[in-house]
Structures are given as C-alpha cells and as structure tokens.
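What follows is a pair of complexes built around subunit A, which joins subunit B in one and subunit C in the other.
Let's look at the complex of A and B:
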C-alpha cells in the first residue's frame, strides 16, 4: 500500500492514494457494473434498435435493419414535428415563467425579516410533491365548474369566468407549465436568495448614494451579478422541461387535439401504445442529442465552478 | 405628494402583502388537497372553507376495490430496495473517486455525471421488451432495476461532494496508528460521512417514491406503485376527487416529512440532479 502524501494545512478534497490498488477496483466495480447494466446497455440497445424495423405487436424479437429509414421518417412525420414544436414552446413558457416568478420571490424575500424567514422555510415543499399529484391538484383547482383557482380568476377577471383552462391550445400548455412552475419558481427563489446574499451590500449602497433608483440597481447590478446562477438554473429547468411527461398523462392526455403532445409523451405513445419500437428508438435518440447538448453545457458549467 | 413616512409605511405594507401572496402561492395547493381529502362527495365540489370533516375517504381507499394498502406496500418495497442497493454502491464508488488518484479518474467521473441525463424513455424501451420476454414485467424488481439507472449516478455525484468535504488528516492519523485502508474506511471515513449518506438516501427514496413514467410502463396490476395506483381512483364521471385527494395525502405526507430532514441540502441535491 502506498504512503499518504505529505500533509498540507488544507487538504480537503485532495486525492491521497496513488498507484495500483486492488481495493480501489473492488469498491468501484459494483457501481460501474450496475451503471453499465442499467444505463449503458439500454443506451446501446436503443441505438441498434433505432436502425431496425420492430413492430412489437407482431414479433417479440426485432426485425431487419432498415438503415436510416427511421430517422428520415421522423422529419416527414407530422406527429413528431408537432411534438417538437410543442416541446419547444413548453420549454420557453415554463423556463421563463419559473425564472421571472423565482426572481420576484427571491427579491421579495431577500431581506431577513421574521416573516420572510418563515416564508423561505416553505419554499422547498412544492418541489418535493410527486408530479402526478401536482397534475391532479392543478387540474382539480382549475376545473371550470368547481375549481377554486378557476373561481378566483373568474372573480378578478370576469371574462375568464368558466374558462376551460384545459380546453384551449395555449392555456392547456400554460396550465401544464404552471403545475411545474409551482415547484420550480420557489426552488429558483431559494437558489437566487443564496446568490443575492453573496452580493456585497456596499455595492448597492454605493450605487444608491450615487443616486441610482431601485430599478436601475436591479438591471445594472443585481441581475448581472446573478447571471451565472440564472444560467445554471435555466439549463437545469430546460433539461427537466424536455422530459415533461407525467402531468401530460394526468391533465391533458396530449390534448386538446395534439396541442400538449410533448416530445416525451409522443415517444411514449410510439413505443408503448403503437409498439413501434424501431421508430420510437430513433425518435428517442433525437431527444438524446438535444438533451446531451444541454447536459454537456450543464455539467461543464458546474464542474468549472468547482475548481 | 405623500409625505415620506407615509410612503415608507405603504411600501412596507405592500411588501408584507406580496410576501403573504407568495406564502399563499406555495402552500395553497397543499392546503386545498388536504381539505379535499377531508370532505364528503358533495362538499368537495364546493369552495366553502367550512364543512363537516370526515375520514371516510381514507377508509374507502384502503378497502375494496381500490385497496391502496397494496400500492403503499409496493411503493415502500421498491423505494427501500432501491435505496438499499444504491447507497452502498454509490458510497464505495464516490469514496474511490474522492480519495484515489488514478488515470482516467476525472473522465470516469464526468462519464458517470453524464449518464444522469440519459432520458428515461431510452432506458425504458429495451427494458420493456427485455422484461416482457423474461417475465419480469409487473414485478417490483423490474422497477428497482430501472430506478438504479437514475439513483446511482446522482448518488455518486452527491456523495463525492460529501467525501471531498472531509479533511484527509483524520484518515492519515488512523493510517499512522496502523490501520489499513479498509479499516479506516469502516471506522473513520464512513461514520464521518454518515450525514451525507443519510441525505443521499432520502433523496434517492423520494425520487423512487414519486416516480411515475417507469411505473406506468412496467406495471399492470400486481405491482402498481402509489403514483400509478391513485390514477385508478376514478368513477364514471372522472376522478373521485375526495378519494383521490386522500390517496394524494398518502403519497405526499411521507415526502413532506422527509424534505424537512434534507432542508439544508435541498438546493445542492437538486443541482446534482436528485429529482428528475
């Protein structure tokens, strides 16, 4: 066994053991095997399947190779192109709503008064609620006949009384987004409050002395200093929004029409309703490419922040 | 023109009102589900705040035909087993990545992080066909296997952070006292990193407990988990909201209690992708 290297005053997080070491592989191998079995194997298997024709309804084993057919088919498939559009719109709506609300909540709760401290302690709860339950509760609360939120909105804005929130293209998408934003905006707020706390108060005070208004301070000082955090949380939310599925099943089933048929939901239908495994694999690989891009940016940013 | 003192008061008043609005936004859906679970089938369609509370819904969902008890059992079995497999494997791997220096270590770590972002549909397609062929479909074990695909990478990531935060001097002192690496790991490092292990376990538990996509695909009737199970609480005219709300309470309460324990680590956990 190799000797520990010479001790330094601050050695937190320093790898200490070098050279070959049987214990290292004994500890590492089980986790790598499981990741290999549960992530790498399906990833490779889907990739191969994406080049085959496989109607599971006809045969339990995959059919012949069809080259790039499944991929070229996607770009003439109305359903796929629609789901791409829906997902892009969904990402845009849910990310911007989460950011705006989260920023608002953070600025409001950043002063450490007693009420604010109490409010901050509550911010984690919505996020931890099961997505299925988020879907059911927002569907219940926005029911045009007996939903409590629908009634509140109808009282404040009378033309929206009895509005079918899940019955129109954009409002259905907005409702789906809100059921997620309810969890994300408070979480964003928590992250922003942490970042706001690291902005030295001298900076904003100096600006105030120089005659800057609150609005100016926000745009010129607070927001630029928050920008790195905004970037990271936006990436995280984009990745999550690309996987929007649970509430689509619970709240809209993809409707009205196919207005809320997200990419994830569309792949689910191809694979587990139509049992068209080859084509579903190809479309899911297109998702992997998009997701991989954002995941790469996310991991790179986080790891850069560590070192 | 308002005088400055009055203006300041009004500003403070507006701030307090806005804070109360935030509290309302965050808590109200939880409060409303809780109230709905205590209402009868008439009151649930009214928005009155005062009604005669009843626990009937909880009795109904645990008896025939909904039998939520079996779903609670499956969910608990799947979640606990997932955690029990995830944590030892993740802790061992995270320890090595944190404490050992070897070629390819950083590449390996990044590769593990990236597997975190493989979408579940890609994992589901091969496993669905595989489990169908070998008869594992509609069993809790099928769920445990696929749940490891997202709990393990995240837990390695999170636990590495906890190991990195431990000063290595303590381990070196034990080494000088004549302990070998395995003894140090068992008697020094693991006890010191125990809070991190518990936090990671809670995150893994929550993500398994709340999981819906795999459970929807890989179960039929025998091993329905709670999130899929409550979907069956429907009548001819759609969801039976009062019973569904009661079922929702069963899904939600354990998770809300657990989130209290991981409050301080919540943001950190989400950042490393604890929940999908």
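Let's look at the complex of A and C:
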C-alpha cells in the first residue's frame, strides 16, 4: 500500500523530468530566438561598442577599440555628471512623493465604504495616461499665461502668480516629478490598500484597547507591517524613475539650461543627436549598472517573499 | 504597266512610306520633347517604384506635393514612376535617415533639415552632372539653400525642396493706431515694443523664444550675431561667437527679455510653437518666425477673430546699419548612394523642385488646411500669381533670402547646437553673458578637437 502512495505523491508534488524531451526545446526555440535577437544580441553588441571609438558622423562602421576611454571620459564629462546628479535628485523627489502621497491616499480610502470603492476605481486612470500625453497636458496646464494649474496656484498663493514652473531649475524638476507622481501615487495607493487589508484588525484593535493613539498605531504597527510592500514598490519606482525620458522631451527639453537633463535623456542626446555611439554605449552601461543593482534587490526581495 | 513604271511606283511608295515614318517619328519626338518640367521624354522609367523618406505630411506644401506625385497623379502619368512617400514622425526622421544612409537600401530619395546635413551628406549621390545635363539654373535658388545642400567637396547633394526665410509678423492695427513704423532693426523692435507695452497694457511687445528645443532658440540669436558682423566658427572651424561682436549681439538678444522686458518672462520656457501662439491669440504685437506661418495667420481656425486679417509682415530685423543677415532654413532633397533607382529618383526630384510645380502648390488656396506659401526659387517668389495668392509675402521672403545664410557646415553641428541652445537658455535665465559664452566656446572647442578639425 505504501508504494503507490509514494509514487502518487511524487507525481503531484514534483515536476516531471523532461530534460531530454526534444519537444520542450522545439517549443522554446522561437521564444529564445526572439529574446536572443532583440535582447541578448543588442546588449552584447552595445557592450562591445562601448569599448570602441565610433562617431557616426565620421564612419558608418565602428572604429578601433579604445579600452576604457569611453568610461573614463564619462567621469570628466560635465554633461554626464550633471545628468547623474539630476537623475539622482529626480529619483529622490519622485519616489518619496509617490510613496508619501500613495500611502496618504491609501489610508484615506482604506475603509470599505461605497464612496471609497468608487474612488479606488478612479485611481487607476492617471496611471493609464500615456507619458507623452501627460507631458503635453502638464506643459499646457503650467503655462503662466493660460495654464489652469498656474492660475489655480496663483489664486491660492498670490506670491506664486505668474511663477514660471518650468523656468527655474528646482521647480522644473519638481514639476517633472509631479507629472510622474500624478500617475504613480494612485497606483501605489491601490497596492497599499491591498496591503492594509491584509493587516489583521485584531492587532490594531488590541493596540487601541491598550490606549494607543491613531498616530502611534500608524508608526508602530501599520507602517512596520507595510514595510515589505513599501520596499518593493519603492524599488519598482526607482527603476522607473531612472528611465525618465518622455516628459523631459515634451515639457522641458532638458532645460532650463540642462537642469532637467536626466541620464536617460542625456544618453539619447549622445546617441541620436551627437551620433557618438561608442560613448553613448558606455554611458548606457553605467546606467545599466545602477539599474541592475536595483533590479537585483527587487528580484531578490520578490524571491525571498515567495520562499 | 511596264516594269519601269512598276519600279517607279514601288520606289515612290517606299519613299513616301519612309517620309511618313520619319514625319511620324519627328511628330512623336516633338511631342515627347514638349514634356513639361524638364522630365525625360518617352517614360524611360515606366513602372519603376521609388521610395521617398520624408516627414511632416501635415505641412501644406508636402501634402500637396504628395498628391501631385502619388498614385494616379500628374507625375505618374508623365513618367510612369510611382512614388511612395514614407511619412516618418519628425522626431525620429533624423535617426531613420542615418540608419538608412549607413546600412539600408530601402529608400531612394530623402529630404532632410539643413542642420542634420553634414552627417548625412557622405551617403548621398552628387547631383552636379545631372544638374548640368538638365540645365537647372542654380542661380534661381537662394545661395544659402544651395550651400546647405552642398558637401565639403563642393558637390551638390541636395536641391532645395522646402525653405523658409525669417519674417517679422506684426499687428497692423496696433502699429496704425499708435502710428508706429515697421521696425527694420532689432534696436527699432525694442523701441516699438516699449511703446506698445506702454500704450497698450496687457499686450506684449514681441513674442520671443529661448527654450531648449531642437535648436530653435538659435534662430534669432544667429540673426543678431551675423547682423553684428560676428560668426559662430571661423574659417578654420574654431569657435568665435564669444568675441566682442558675439558678446554684444548676445547681450542684445538677452536684453530683449531681461533688460527691456519687451517679451513675456515665460519666453525662457517658450519654443517656436508657444511663442507663435502668443501672436495667434492676440497677446503679442510682433513675432519673428518662418514665412510659412503666414498661411496660419490667415486661417480663421488658428487665430482669434481680433487678429484675423490684421497681421502684416516685413523682412526680419537686421542690426543697425548693417545689411540684415538671417538664418534661412531649408529642406534639401537628394538621392541615397545605395539607391538602385537613382535615375527615376532624379526625375522625381526635378519635378518636385521645379518652379512651375512649386508655383502651382504655392498659389493653391482652395483648401486652407493645405495652403502653403512656401516656394524655393526666386522666380517663383517673384511670380505675380503666387504673390497675389499669398498677400505678397513671397516677394518679401525673396528680399530676405538674398542676404540670408545657412548654419556652419560642420559634421559636429548637432553637438555644437546642443551646447549653444543650452547656453542661450542659461543666459536667458540670468547667467552672465560673457562668462557663459566663454564656457560654451570652450565646450565647442573640445568638440572640434575631438572630431579632428584641429589639434
């Protein structure tokens, strides 16, 4: 009686060994080919290019190998250092604002009332708006002559009447961040609402019985229990923020001056405006290293959570 | 009939037959010789299909030309050639052209913006022999347009397809009311703008644009610079825009915004589109921009009623007593070296750049959505019909184009342009002019050295 039971347990609990099954490889081949051609090959090719001198204005084919020259050039290039600084600041502002606002919205809408359910459904809309459309809308709304945001802010805070939101270094960066936060904060709110729902109500009720205030409950119970979700969401947003491009093109063009020239936008300029393919590839790989670090942390956290 | 008689009639018949054949041939050749627009007679490329890499079919001139050369068009009937216009978004056109030029063989003809030219020209076919063979009069084109379509060796690789002089658009009603004369220099622009702002509160003197956006804030800066006798690069390709003339011209360009305040403070965040909107919506009394805007100023769907019909035009301002030197923007059209249908592509180029075809397009006002006063030859700009259809702006454009210039013809222009437009925006936002120009010159110097222009 034991033997069939063991066999049955194996067949249910463990996957069948199919390593030598040619059908498996035949089914996988098209997908592997596509990934190989569209992901692996460009990655390898641009990696090789990053060690070569290749200015498209001089030659249609890559020039000789220059060792680490393109990489060392980056650290003396004011444009690169500026875009690195801009990207770091942008990530900091947009991630913190998205998290704070997302959490705030989630706390407001966490109780399952009818109105809250309706409001939650509306939350997904800003995230569904295309980045280019967001850029155009925000640029229009912030126009000091006829922009609705500019008028609203000017009415509520008179000293800010006629303020050039896209005309000053920090406010331009803040505005870019806000155009992103507008889409991401509601999405985070939805994620946080889900996480808040999984916190057992007995814990907060017990704390209340013990005399804890709402503020204490939030800091000592809710936030610590939400921490794993906040961490995952923050990593996701950091990776996304590092790729900021569309709104920069549409809203500021990297300006005022180069105050909103993010790393992604700078790479685009190097490759497709200045046609300096070797250097653009090297700078891209520097960004890959940064993004790879966050992606690693993200995947590791996800896998840990699963295990 | 005897043998001699038969032979006579036979010979006569043969002779008459020969004469008939010759006559028919002559008539046919004559008929083919009368084929318009200098196109080759006899449809030698009948059945050939060519692909044309272009963008912006929303531009009236391109929209009309695509109809004139598309399926079932006049051009197709005359030549038997089918032209496929590949309407690429403007933002990705430069990349697409480069990819095609360096590695592809999909397209035969291509049109590009002058500023991108130097990176593309090595991959284009020299047209000199064809121009000579077809007796195309290059003197009929503005020299700035021809220079922009020429490579470093002096070969012409592109003929002008679409081009624009800079024009001063102004509100006639306001100028009449305040008895102001139309400014001819930037110094006069400031005075007129100050008077307008003083007498007409809420009205901006002039709508300017200083934003970083594809080099648009350079358009009026170079007009100041060249007008004052300065230049961007010297003949050895060294930057010289930071010399005394450059500093003076740049200071004047920035002073419009910061010292005289005759333009909106938001001009630092305005590109061509936003600043022209100020004029469309009646908030500015003057605007300097490309002449094709004339069609938009005459379109009731684009401008508010109080502006419609009240916009006048004049040549873009110069500098003091110097002859005005403004930037002329041009879209040359050429043939890829990789093209296997270069001869058919040349027929197409001859057609779309032909004065008569361009006149037909520029004088067509039947549909306001595609009306476009743009025309590239002087004879076309002086044509009475074209001027009648466009309120006389073509003649004014011709006047501007006689002294207009093109951008420096260097491979590094795109990179230099980035440095310049960022610097200009920084100065518009308050950075010191001389200091910023010196830093910009240092950056441009590094670019030129890296590209091997000098050591």
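The rule we apply is simple: the second predicted complex is superposed on the first by the 288 of 307 C-alpha atoms of A that agree within 3 Å, B and C clash if a C-alpha of one lies under 4 Å from a C-alpha of the other, contacts with A are read in each partner's own complex, and residues count from 1 in each chain.
Please note the rule applied: contacts are C-beta pairs under 8 Å (C-beta built on N, C-alpha and C of every residue); 3 or more make two chains touch, one makes a residue touch a chain.
Quick caveat, the model's predicted, so the values are computed rather than measured.
Q: Consider subunit A as the common anchor and indicate whether subunit B and subunit C clash or fit when overlaid.
A: Once subunit A is superposed (C-alpha atoms), there is a clash between subunit B and subunit C.
Q: Which one hits more subunit A residues, subunit B or subunit C?
A: Result: the larger residue contact count on subunit A belongs to B.
Q: Check whether A:269 is in contact with subunit B, with subunit C, with both or with neither, and answer first, second, both or neither.
A: Second partner only.
Q: Contacts for A:246 in the overlay, against subunit B (first) and subunit C (second): which applies, first, second, both or neither?
A: The first partner, subunit B, only.
Q: Touch test for A:51: subunit B only (first), subunit C only (second), both, or neither?
A: neither
Q: After superposition on the shared chain, which partner residues are touched by A:136: those of subunit B (first), subunit C (second), both, or neither?
A: Once the two structures are laid over each other on A, A:136 reaches subunit B alone.
Q: Applying the touch criterion given at the start, work out whether A:80 contacts subunit B, subunit C, both or neither, answering first, second, both or neither.
A: neither
Q: Between subunit B and subunit C, whom does A:35 touch in the aligned arrangement: first, second, both, or neither?
A: Once the two structures are laid over each other on A, A:35 reaches subunit B alone.
Q: Which partner does A:125 reach: the first (subunit B), the second (subunit C), both, or neither?
A: A:125 contacts subunit B only, not subunit C.
Q: Scan A:254 for contacts with subunit B and subunit C and give back first, second, both or neither.
A: second
Q: Per the contact definition in the header, classify A:60: touching subunit B only (first), subunit C only (second), both, or neither.
A: Both: A:60 reaches subunit B and subunit C.
Q: In the superposed model, where does subunit B crash into subunit C, at 131-139, 149-157, 167-175 or 185-193?
A: Given the superposition on chain A, subunit B and subunit C clash at 131-139.
Q: Considering each complex separately, which residues of subunit A are in contact with subunit B in the first and with subunit C in the second?
A: Of subunit A, residues 56, 60, 145-146, 249, 272 contact subunit B in one complex and subunit C in the other.
Q: In the complex, go through subunit A and note every residue touching subunit C.
A: On the subunit A side, the touching residues are 55-58, 60-61, 143-146, 162, 164, 166-168, 249, 252-258, 269, 272-276.
Q: For subunit B, which residues are in contact with subunit A within the complex?
A: 15-16, 18-19, 22-23, 25-27, 29-30, 32-33, 36, 44-47, 85, 89-90, 92-93, 95-102, 105, 110, 112-129, 132-133, 145-146, 148-149, 152-153, 156, 164-169, 171-172, 175, 180-182, 206, 209-210, 212-213, 216-217, 227-228, 230-231, 239, 241, 244-245, 248, 251-252, 255-256, 258-259, 263, 266-267, 270-271, 273, 275-276
Q: Tell me, which parts of subunit C touch subunit A in their complex?
A: 91, 94-95, 98, 101-103, 118-119, 123, 211-214, 264-266, 268-269, 271, 274, 278, 281, 283, 411-412, 414-415, 418, 422-423, 425-426, 429, 431, 451-452
Q: Which residues of subunit A touch subunit B in their complex?
A: Within the complex, subunit A contacts subunit B at residues 1, 4, 7, 11-18, 21, 23-24, 27-28, 30-32, 34-35, 37-43, 45-46, 49, 56, 60, 105, 108-109, 115-116, 118-119, 121-134, 136-138, 140-141, 145-146, 148, 151, 182, 186-187, 190-191, 194, 232, 236, 239-240, 242-243, 245-246, 249-250, 264, 267-268, 271-272, 277, 280-281, 284-285, 287-288, 291-292, 294-296, 298-299, 302-303.
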